[in-house]
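Input: structures, listed below.
The two complexes that follow have subunit A in common; it is paired with subunit B in the first and with subunit C in the second.
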Partner chain A sequence: MTRVQDRFAGLYADIYSLFNSAPWIAENIKTYPKGYVSNEVNTEYAIFDVSSADEGFSDSLRGILFIDIYVPNGLGPTRAAKIADIFDKYLAGATFATNAQKAITQFRRESTFIIRGPAIDNSSKLRSTYQIQFNYFKKET
Partner chain B sequence: MRSTVKGYVRKAFALLTDLAENVDFINSNSTGFNYATGLPAVSAPTTYTIKAVVISKSMLDPNKSITKILVATELLEAANIYDLSIFDKVTVKGVAMSVVHSKDGQYKITNNGYTTTLYAILEKS
Partner chain C sequence: MSHIASIGAGMFSDMSVAFDASGPAAAPGTMSKANLDALFATECTDNTPAAAEFIRIANVREFPAIGTPPNIVNVPVFGQSVSQQIQGQADAPSMEITLNYVPTQWASGTPLGDLVGSGEQCVFRFALLNSAPSGGYASSAGGLGTTQNTYWYFLGKIDSLLVTPNLADSNQATIAITLQSVVHGAYTI
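Showing the complex of A and B:
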């Protein structure tokens, strides 16, 4: 039996491919992976985190993409909701396959959006969360 | 009153003479996350050399030491530095260490308006 290889890196590569795409860059929503520390000053931005677990079939994965959306606090939730809609536009029901021979990542159509309130470490920002489930299908080789 | 306290801090740092040493504060100047490479995009780092005092150095475990560094806030402001969290590394006596960015607990960067305290970690590779 061969060992599982590259499935987590493959999953991240698929997610990165969205944020590296020209249409997403044109949306001008600064989006960073958790663990990256930005020196940039942005009035609004998003930080994503991936939680994944074994699918139990053919080395595939399933999980949730968590995205924290930060917008200026005090202006209400409208802008955060619009950004969540933009994430929906690119993620809900979408498929990514940077290496289609080996695997594909498919996002479900259902997503969740919650306004959380002022960010704990910076009350000038309103934090909200967007979540969407995905499956990473590793193909038999 | 504020200027009086600042004056005392200035005088205290002057009295420290060689106990205060030049510490390099290094900002790696990340310009975003490069999704093509999966790594931060960086330009040339910026280094500020500021007189600072190493307050303590202790071992967290056999491979990791933490150093507490005290800086006169006035010296930072004179260099147009208002937030030490922008720095990734410091160099003390030629040894490069990583600045601790902690939001809570004992290793948080603190600034009382007169002195700024930060922590830096050195790990054996």
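Showing the complex of A and C:
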């Protein structure tokens, strides 16, 4: 007897629904998932990584959304902090439900932001990290 | 909108008190949803309430359990191996809310500050909200109704306010509310 879960794909679908949305695209912060290679040349961009490492309850998930923010190095951290604020605006306390009948992804209201210094593979970029915890609640079926 | 239909954390839950120009709003003659909703028509943000305005208890860290507690009475039944349970009269519950203490909201002369220990009965509303209502917190379609919501009304008094000064965290306060009625709800709008 198999039991289809689709929770990991469902979690990604919820997160993609934000970064595909018109309001986010209008913010003009290019945001890619880890493992995606873009041909675009951007002065600032972000790469996100979904870690559902922590166990949730029953059919649910719990984890952290890690986002690396890259801005030009040498101009200070203010722009990176402003980008982190934009991520907060859309993520902190937000709920995403591409299939609300089955599951929702709910982000915590707390988040963290750390300036990491020049990127290891490209010193012209300043790397900083933004992290926010999420819960993926799945209804029992 | 509708009742909350998904599993989730009530991160935007809210406790509010109804006021009018002279103090806490009197309980309506009939505790119906429509009458109670009318008391929470507009949020008061300047500490000078007018009729049908409400003030949110802000900066809450922790809510207690909300609802009417049971009072189960065990009844031994002769000749049976299992006793029966019947519902008795419930004790009047009290609840404590922990909040980050901001003195401007609780100072003497402010609407909420003057309620503490006054013995005045007020109308409370507790709203369970998993996401922020974009239209504000009024009991209307354009307020709480802008997101999925579930809320309750009850009559109560704010009996005490105890401030805990903190050297390493926010100053905190615990307010104790005693209930004077059953809890009406759950409603949605």
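Just so it is clear, the second predicted complex is superposed on the first by the 134 of 141 C-alpha atoms of A that agree within 3 Å, B and C clash if a C-alpha of one lies under 4 Å from a C-alpha of the other, contacts with A are read in each partner's own complex, and residues count from 1 in each chain.
FYI, contacts are C-beta pairs under 8 Å (C-beta built on N, C-alpha and C of every residue); 3 or more make two chains touch, one makes a residue touch a chain.
Since we're looking at a predicted model, the values are computed, not measured.
K.L.:
Subunit B versus subunit C on the shared subunit A, clash or fit?
P.N.:
On the shared subunit A, the partners fit.
K.L.:
Just to be sure I read the superposition right, which of the two partners does A:28 touch: subunit B = first, subunit C = second, or both, or neither?
P.N.:
Neither: A:28 stays clear of subunit B and subunit C.
K.L.:
Is A:12 touching the first partner subunit B, the second partner subunit C, both, or neither of them?
P.N.:
In the superposed model, A:12 contacts subunit B only, not subunit C.
K.L.:
According to the stated criteria, A:137 is in contact with first (subunit B), second (subunit C), both, or neither; which is it?
P.N.:
The second partner, subunit C, only.
K.L.:
What is the contact status of A:78 with respect to subunit B (first) and subunit C (second): first, second, both, or neither?
P.N.:
Once the two structures are laid over each other on A, A:78 reaches no partner at all.
K.L.:
So in the superposed three-chain picture, is A:93 touching just subunit B, just subunit C, both, or none of them (first/second/both/neither)?
P.N.:
Second partner only, subunit C.
K.L.:
Looking at the overlay, does A:106 come into contact with subunit B only (first), subunit C only (second), both, or neither?
P.N.:
In the superposed model, A:106 contacts subunit C only, not subunit B.
K.L.:
Once superposed, minimum distance in angstrom between C-alpha atoms of subunit B and those of subunit C?
P.N.:
Least C-alpha distance after superposition: 24 Å.
K.L.:
Show me the residue ranges of subunit A that touch subunit B in the complex, using the header's touch definition.
P.N.:
These residues of subunit A touch subunit B: 12-13, 16-17, 19-20, 30, 32-33, 36-40, 121.
K.L.:
Mind pulling up the subunit B residues that touch subunit A in the complex?
P.N.:
Within the complex, subunit B contacts subunit A at residues 27, 29-33, 35-36, 38, 40, 86, 88, 101, 103.
K.L.:
Taking the touch rule as given, give the residues of subunit A at its contact with subunit C in the complex, in rising order.
P.N.:
Interface residues on the subunit A side: 60, 93-95, 97, 100, 103-104, 106, 108-109, 135, 137-139.
K.L.:
So in the complex, which bits of subunit C are touching subunit A?
P.N.:
Answer in residue numbers: 5-9, 11-12, 130-132.
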